[in-house]
Every structure is written in C-alpha cells, then in structure tokens.
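Take a look at the structures listed below.
Shared chain: chain A. Partners: chain B in the first complex, chain C in the second.
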Partner chain A sequence: MSHVSQLSATLSAADSLLTVLVGLAALGLVISRQMAALLRLFMAQSILLAGSATVLAVGLPSEHLYFFAATTIGTKVVLIPLVLRAVATREIYAEREIDQVLSIPLALLVAAVLAIVAWTLVRPLAVDLGDSTLVLHVSVGAVVLLFGAFTVAVRREAVAQLFGLLVMENGALLAGIALVPNLNAIVEVGVAIDVPVIALVVGLLIRTIHEEIGSTRVGYLRELKDG
Partner chain B sequence: MAEILLAILLVPLVAAAFSYWLPDARWARGVTVAAALAVAVLVSIVDLRVSRTGPVSTTGGVLAVDALSALYLGLVAIVGLAAALYSWGYLPARHEPGAARLRLYYALFNLFLASLLAVPLLSDLVLIWIAIDLTTLLSAFLVAFEGRRPMLEAAWKYVTLTTMGALIALPGFLLLAFALTSAGLPVHWQALVPLAGHVSPAIAFAAFLLILVGFGAKAGLVPMHTWLPDAHSQAPAPVCAVLSGVETTAAIYVLFRLFPMLSLLRPAAASAWYIVPGLISVGVAALLLVQVRDFKRLFAFSTVEHMGILLVACGLASRASQLGAVYQMLGHSLVKPFCFFAAGLATIAVGTQEIAATRGLLRRSPLVATALLVGGLAIAGAPPFPLFVSEVSIIWGGFAAGRWLATTLLVVFVVVAFCAIMYHLVGMTFGEVAEADTPAPALPRSPWTALLLVGIPALALGIYLPGPLATLVHQAALALRTGP
Partner chain C sequence: MPASIANLMANVAQLIFLLTLAPLAEGVLATLEERLQGKHGPSILQVYRDIAKLFAKEERVSVRSTWLFRFAPVIAFVMPLFVVLLVPALTTFPLTFAFMGDMVAAGFFLALAGFFTALAAMDTGNPYGPIGASRGRMVGFLVEPVFMMVFFSVSYVANSTIPYIVNQQWIAHGWASFLDPTHVLVIVAFVLLIVADESRIPVDSPSGHTEIAMIGHSKTLEYSGRGAALMKWGSAMKLMLLTIILVNVLVVPYGLADRVTVAALAVAAAWVFVKVIAFLVVLAVVEMSLAKLRLFRITEFVGAAFVICLFAMALRVVAA
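Showing the complex of A and B:
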C-alpha cells in the first residue's frame, strides 16, 4: 500500500511549500476586502491543492491522486467559476468593497489565534499519524478549515460566506489527500460532484436573495427569531 | 436483492427527471406519488427480508442494509410517500404556485428523497457523508419554496450552517478512512467495530468529535440548532415533515453507527460524549419550547429535544435505553410528520402560524384541532403513544444502569417539554374565538390521506408492534452495542 512516508526529500520539500501556500491563500480570504478577489483566491488555492496532490501522486505513486488533481482543476478552476458566472454574475463579479466586521489587524490577530488552536488540536494526533508530511497536511488542513469557518461565521456578506464554505472544503481535502491517497473511484467522483453542487445551490440562493432583497448582506437578515 | 436495493435509489431519480420535463406540471405530482409508492413497496420487501434472514447487500457491498439501516430506510420511505401525498393537495391550497415552480418542487423533492434513501443504503463512510451533505443542498430550495424574505433567510441559514457542519465532519470521515485503510479494512461502517482493535483512541475520538460537532449542526443539537426552527417553520408543511421527521435523523444514524466502536475503546468517555451534548439539547429545547410563539416552531424545537433524547439514550448504554433509542427514532419519525401535517392544515384554516392568534380552533375546524391535539399529545410523550413507551424504556434503562443524575435530568427536561407543548396546544384548540368568525376555508383532501398514513402506525405502535417490525427494532438496538 502506498503511504506518504515514501516521499523523497525533494518531493517532500515541494509538497511542504505547496501545502503552506494553500494555508496562506486561506489567510487571504480572511482579510480580503474586494469581492472579486475572493474568487481569484479560491482558484489559486485550488491550483495549489492540485499541485500538492500531483507531487504526492508522483512520489507515492498513486493514480488516484492524479485523478484527484485533474478533477480539482476541472471542477474548481473551470466549472465553479463558470457556474457562478452563469447564476450570479452581478453578485460575484462585482468590483466592489465588502463590509468587514473586523478590521484587518484584528482579523489577522484572530487568524493567528485560530492557527494556534488548530496546531494545538492536531498535536496529540501527531504520534498516531506518524509521518511528518501527513502531520503537516492535517495541521494546515485544520488551519484552512478554521479560517473558512471563521469567514462563514463572522462575515455578513453572502458571497464571502460562499467562498468560506468552498475554502473549508479545500482544507478538508488537503488533509484528505495525505490521509487517504487511495480513496476508491466512486468516492472520488462523489467528492468531485459535491463541490460544484454547493457552488450552484448557494450561488442560486445568493441571486434569489439579491433579487428579493436588493442586497447580498445576509448578516442583516434578522426577521426570524423567538421571543 | 441487489437489484431491489439499486432500484430504490433509481426510482426517485427517474421520477425527478419526469417531474421536471413532462409537459403538464400536474403530472409531476402523480409521478412523484407513484414513485414514492414504488419505493415504499420495494423498501418493505427489503425490510421483510432483513427481518427474516438478516442483513442483505449488493455484490462488493457498495449497498448494504442491516436492521438499523432497514428501519431508517423504512421510515424515509413512508414519510416520503406521506409527504408526496400531502403536497398534492396542500401546495395549491396554501401557496398557489405556478407550473414552473411546481415542476421544480417535485423534481427537487424526488432528488432530496433519493439522497435521504442513499444514507441507510450506502456502506462507504465517505459516500454516506456525501449523501448527507446532498440532503441539505437538494432541500435548500424546498425550504425557500415561497421565495419571500423570511423563507430566504431561513434557507440561507439552513444551507450555510449545515454545509459548514458537514465540512467540519468531512475530516472526521477522512480520519476514519485513514484508520480503516491503515488497518487493512474497507472504508465501510461494517468495519467500524473490527477497527476498535486497531485504532488508537486519539484518532477515533478526534474523528468522532469532528463528526459530532459537524453533524450536530445537521441534527440540530444545541448550540448549532439555530437554523432548525427557522427552516422547519418557513418551509411548506410537507417539506417540514421530511426535514424534521427523517432528515435530522440521518446525522443521528451516523452517530449511532460510531457508538459501539467508541465504547469498545473507552466506554466511560463514549457514554459521556453522547449523554452530555444530548442532555444540553434536551434541556435548552425544553426551555425554548416554553417561550415559543409560532406553532410550527413549537414542533421544530420538539425535534431538537428528540434528537437530544436519542443521543442520551444511546449513551446510557444499557439494553433497555438503547432499545428505547431505536423505538424513539421510530416513533419520532412517524409522529413528527403527523404534527407538521396537522400544523399545515391549521395554517390553511386560520391563515397564521402564530400561537397567540390561533384560538378556539376546535370550533372553527374540529378535525384539524383534533389532529393537532392528538399529534401534540403523541409528540410530547403521553400514553399510549409510542414515544411514551420509548421514553419509559430509556428512563428505566438509565436508572437500571445506575446513571441517576443524567436520567433524573432527562426526566425533568422531558416533563418541562411536555407541559410546554400541551400548554400551547390547549390554548390554541380550546379558548374563545377572538372575533366574529369568518367561515373556515375549505381544506384540501389529499393531506388527510397523508395524515392517516403516518397517523395510524404512529398511534398503533404504542400498543402493538407487529412481529417483523419487532424483530427489526430489537436487532437494530443490538447494532448500538457490542456486548450482551
């Protein structure tokens, strides 16, 4: 069975670099103020993720990861931008600034705290995970997941929340490619279908909300509550 | 048997295509009811077989059904059929949708049903995750069906929170897949119990916690429950019935599957991780039930309560309480749709969902008021309904296992919830009609069929459990434990 510990030093270094860059792209999402930048950041992150998968695919070797890298590019760099352009052009491709609940320095501070939290949480697993490539992928994956979740939780802008979700998925899969390099083909296809469906459904919902309410600032939707 | 398992998934997919592309939108509802009926028949064949001869699966084990999945599969099928019947008359009476909207509704309804049916049918853990994630995405526009501001707000919260939850759960599933492949086991739920001999507790509990937090949002566990009352109150009644009756249970189904492995590794920790979050949900839901103002939200909070009870019952880990857990799942999935069906008719009869504005319903529409009251009694756990039997069994098992504190708290919360539900419903059904009465609008007929379809078993199962079903319930309860 192929395992990530078989990686050569060069490939391991290349993979580490790509993995860390995936993390940095998620940091960009947390602090970005431009609506149009969000999509570009997500696409860049997906390319980096596919790159990391390719490096692992060469090193192991694993055919499944080549397939994963190809579907990642296909769905996240080609299909999702097309889907979003089709369903919510005005909302997503708007060249405008978005509300920021937290100032950039404060958001950076929160991001630092989240990164430390992620490392602390993954730490106890390091022994069981064993290999350093695996630990790095899981740790950075956890950081990306938390950055994405933070974006969904605190941003009041629907488009930013959508990209928060998509980035979370990248984080989970960054850990996934190192954890299970040999997921079976049906599962690969399932995962590849799931993400464009998220983009399609949430994108359509964003458009409907924009048409009905005249804004995508979902944080200000506060009609439903108790008491 | 393999063909039947596959057909259960394919029938709703084909029905979705027909609903969308048939020339007359009214045919969509006929196709949907026919498909739901076909699924129900196929599922009963599978369930009878499982009850008689044990688990069935396709070659290679991609699809597999044991007693627990058979039970859940049966519940999805019957609630799906009832909701399809209910939609027939309810949608035109309440929402007056255009042809395009109706087509979209039925197409999505069928797809949603297919994703729900896939959860108990699939063996592969990551595929189960995908199926559960799809249940949210495919039902988003069913929640937003009416398309006005509150529905969109509800749908937005529903999609973002539960998808976020699913994405938190995903690394949990991947960790399990890592542990399973490292141990040379397939990534199937059937391999979880054997995995206990190979996996370190740190990995297993890390995976579980991610799934608990992530799918806790899906099941509406406190504090990730905030989307649930919104979505379950704003969606059309038949959609609420499916959401509350069987969709939330999908996440609990996964947590049930994990319990035996965890309790083999660390019995005390496993029980605590099920009981404490469960009790918090039951307690908070009981308090929220007291101050609720909208009667569909009332039933939504009661779902939060029931999901908590299911977790507590599983965690109490005694035979009686786990039998109660499975019985509670059965009862909840039949009674809750009944409540939402009755509530849907009540909104047509009085034109509002506000509890305070609904007075003297018994005089305005006696049948609706009776259904609402019976549903309320059944969901609150009054005898002789099934939820009374299951709750007594859970509490009995808890005390027998010596878990005095947890069980006592459970009793207190359940009693508070009972009183709150009855207080609101009695106020709505009895009492004086406020103004000079306008005549109640005519009620559509198909919803009554749906009401009876879930109502008759819901009422009967408290008194009598037919042989094959009793076998399924007992076998399913055994799936929650490893020892005797």
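Showing the complex of A and C:
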C-alpha cells in the first residue's frame, strides 16, 4: 500500500507549500470583505488542493489521487461557479462588502487562536501519524475546517456561509488525501456529486432569501413573520 | 593585500553600492509605476537630479525648531549605511563589521531612524508633520512586532539570527528549502512589511500630494536644501536596503561573491541589482493592482502579516 512517507524531499516540500497555501486561502476567506472575492478565493483554494493531490499522486504513485485532482478541478473550479452563476448571479457576484458579527482585526485574532487550537489538537497525533507530510495535511486540514466553521458562525451573510461550508469540505479532503491516498472511487464520485448539489441547493436558497427579503444578510433574520 | 584590508575594501564597496544605486532603484520604481498607469513618467535618473538640485539649494529652517530637526536627516541618512554593513549585501561571508550585530540590531538601527524622523516632524509646528508622524508611529507600532516575528521565524528555521548564517542555511538545504512552507510564509509576511514600512500602496500613496492623507511622506515636508536631500537619499537607501535583505537573505541567496576580488564583487553587485529590480517590478505590479486602504484598515493588513508569521512558526513546531 502506498504511503506518504515514500515522497522525495522536493516533492514533499512542494506538497507542504501547496498545503499551506490552502490554509492561507482559508485565512483569506475569514478576513475578506468583498463578496466577489469569496468565490475567487474558494476556486484558488480548490486549485491548490488539486495541486497538492497531484504532487502526492506523482510521489506515491497513486492513480486515485489523479482522479481526485481531476474531479476537484471539474466540480469546484468549473461546475460550482457555473451552478452559482446560473442560480444566484446577482447575489454571488455582487460588488459589495460583507456584514459580519466580529470586526476584521478581531476575526484575525480569533483565526490565530483557532489555528493554534487546531495545531494543539493535532500535536498529540503527530507521533502516531509519524510522517511530517501527513501531520501537515491533517493539521492544516483541521485549521481550514475550523476557519470554514468560523465563517459559517460569524458571517451574517448567506453567501459567505455557503463558502464557509464548501471550504470546510476542502479542509476535510486536504486531511483525507494524505491519510487515505487510495480512497475508494465510489466515495470520491459521491463527494464530487455532493458538492455541486450543496452549491445548487444553498444557491437557490440564497436567491429565494434575496427575493423574499431583498437582502442576503441572514444574520438579521431573527424573528418569524406572520403572514 | 591582507585579508582584513580586502574585507574592509569590500565593506566600502557595499557602502558605495548602496549610496550610488539606491536613487536609481527608486527612480526605476517610480518610472515603472507611471508607465504601468499609462503615463509617460519621469526619467529613471530623476531621483539623482532631485538630490543634486536639493544639495545646491539654500536650506531654510524654522526658528521654532530645535537641534532635533537638523539631526534627523543625518540619522535617516546614516542608519541604512550602518545596516548594510551587517547584512549580506554583496558577499556570502561576513565582512569586517558584521560582528557588530544581527538582524535584531539591523531592525533597531532602522527603528532609530524612524524614531528621530518622527520627532523631527513634530518639532517644527507644521500642522501636517505631527499628523503624519503619529500615523507613522501607529503603522510602526503595528509593524514592529511583526518584524520581530519575521526575524524569529527566520532564526528558528535557520537556528541563527545572523543574516549571513541564515542565508547559508537556505543554500545548504537546496531547493527543498525554497518550497518549505515556513520559508514561503515568512517571505510573504516580509513583503507585506516592506509595503507597510515603506509607505507604499495599499498602506500609503507614495505619489500622493495631499498633505492631509499622507503617512510617511508628511514627515519630510518641512525640509529644504541639504536636509531634504539627505532625507530623500536616506529613504531611497532604506527601500533598497530592505529589498536587499529580502532578496539576499530570504528569497534568492545566490549570485553573491564568495571571495573578495574586484571582478567577483562587480559580478555580485550586478546580480544583486538585477534581483532588486526584479522585486521592484513585482512591487510595482502589486501596488498597481490594489487601492489604498483607509487608515483604520491598516491594522487588518498588518494583522494578516502577523497571522501569516504565526502560521509559519506554528508549522515549524508542528510539522518539523
């Protein structure tokens, strides 16, 4: 069975770099103010994730990961933007700033704390995981997951929350590709179909919210309305 | 020629390199930005002309100012020259004065220049000076902890705070170290810091002429003649110096002289200048593609650099 400890030094370093850039893209999601930047950040992150998978695929070698990289590009860089453009163009491509509960400097501090929390949680696993590439993937994956969850929690904005969800999924996959390089193709196909469907459903939801209340600032939706 | 004298000559060569080429680097940056904006732009030699003209002009000093006002341009001019003796500007090995300090000392010298410039700006009673100085201090107190973080991350990776050793470490580890995430994150953070510290867009607009919106540039408004020339030359040298530290210590530690001969130093000087210009091209494109931030959003900009540094440190702890 192929394992990430077989990687050569250069490939391992290239993979670490891509992994960390996936983490930075998630940080960008936490601190970005512009609505239109969110989709671009998510696409960039997916490309980086696919790049990391490709480097692992070359190093191991594992044809499953080539397949994973191709489906990631296909669904997250091509399909999701198309779906969102079809169902919620006005909302996603709006040139406006995003509302949030926390100010950006505070969000940055929380992001720093979340990163430290994630790394502290992964640290005890480091001995069991052994290989540094694996540790990096799992720890950055955990960071990205937490950043996504944080975005879902503090942004009073349906569009940002959608991307928070999608980024959480990227984080889980980032850890997954290193832990289980030979994931069953069925699972991958399942994930590949899931994600555009999530985007479709939430995209439709966002459009409906926008049509009903004239805004996507869901944080203000606190009370039920009669008739 | 004994080695100690040769090293001393190489030190002098570093000083001459910085003194003579810093205005050219700044001129290239200014021209490049104007060209990118579709304007004709000044000649790349404009900064030399400005400095020469200012030296020939009479210096006028406010009667209300104190010795600080006369002293600050000298400090601002001399400190980059001190620091260039400490960092690998042209050679891979430490020269005569490199024993004097490490990267923390370099940071101290530059901070000292900033301190005196800010005091001098408040000295004259010009209303815009204190505004710019206090804004500059605001950016400064946000930037300096991040500078420290960058230094410590670099030292942590290279196990040393001496820039020569850091640079040797990168070479010794080969290509894998350039892809090392800690290394890359530190480079990103350092570039953000250069932008903030040098008052470039998005933190401040270097070509702006509205005093009320200035951060870095209002500090030199009151200077004329020789003082203005020294300030201008000093700030050009500081930009070039930070760029040299970035390209030689962090990004591409190649192309430096490994022995002191005239030919080796000349080749190294040419290489370093090419690297500096390459970075300035990147800087010009980055500046072109961004809008200036509102003053209170600068915290976010520098905060991002801080969190990136924290990432770099944490990665080193977790995955090393």
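Here is the rule we use: the second predicted complex is superposed on the first by the 223 of 227 C-alpha atoms of A that agree within 3 Å, B and C clash if a C-alpha of one lies under 4 Å from a C-alpha of the other, contacts with A are read in each partner's own complex, and residues count from 1 in each chain.
Criterion: a residue touches a chain if its C-beta (ideal position, glycine included) is under 8 Å from a C-beta of that chain, and two chains touch if they have at least 3 such contacts.
Keep in mind that what you see is a predicted model, and the values were worked out from it rather than measured.
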Quick one: name whichever of chain B and chain C touches more residues of chain A. B
Is A:Gly203 in contact with chain B, with chain C, with both, or with neither (first, second, both, neither)? neither
Just to be sure I read the superposition right, which of the two partners does A:Leu221 touch: chain B = first, chain C = second, or both, or neither? first
Could you tell me if A:Ser132 is touching chain B, chain C, both of them or neither one (first, second, both, neither)? second
Touching A:Val180, do we find chain B (first), chain C (second), both, or neither? first
Just chain B (first), just chain C (second), both, or neither: which does A:Thr10 touch? second
Return first, second, both or neither, reflecting whether A:Val20 touches chain B, chain C, both chains, or no partner chain. second
Footprint overlap on chain A, comparing chain B with chain C: none
Quick one: in the complex, what on chain A touches chain B? 1, 124-125, 127-129, 138, 141-142, 145, 148-149, 152-153, 158, 161, 164-165, 168-169, 171-172, 175-176, 179-180, 182-184, 186-187, 190-191, 193-194, 197-198, 201-202, 204-205, 208-209, 212-213, 218, 221-224, 226-227
So in the complex, which bits of chain A are touching chain C? 9-10, 12-14, 16-17, 19-21, 23-24, 27, 31, 104-105, 108-109, 111-112, 115-116, 119, 122-123, 126, 132-133, 135-136, 139
Can you name the residues of chain C that touch chain A in the complex? 175-181, 184-185, 188, 297, 299-300, 303-304, 306-308, 310-311, 314-315, 317-320
Note: in the complex, chain B contacts chain A through residues 62, 124, 126-127, 130, 133-134, 137-138, 140-141, 144, 147-150, 152-157, 159-160, 163-164, 167-168, 170-171, 174-175, 177-178, 181, 187, 200, 202-203, 206, 229-230, 233-234, 288, 291-293, 297
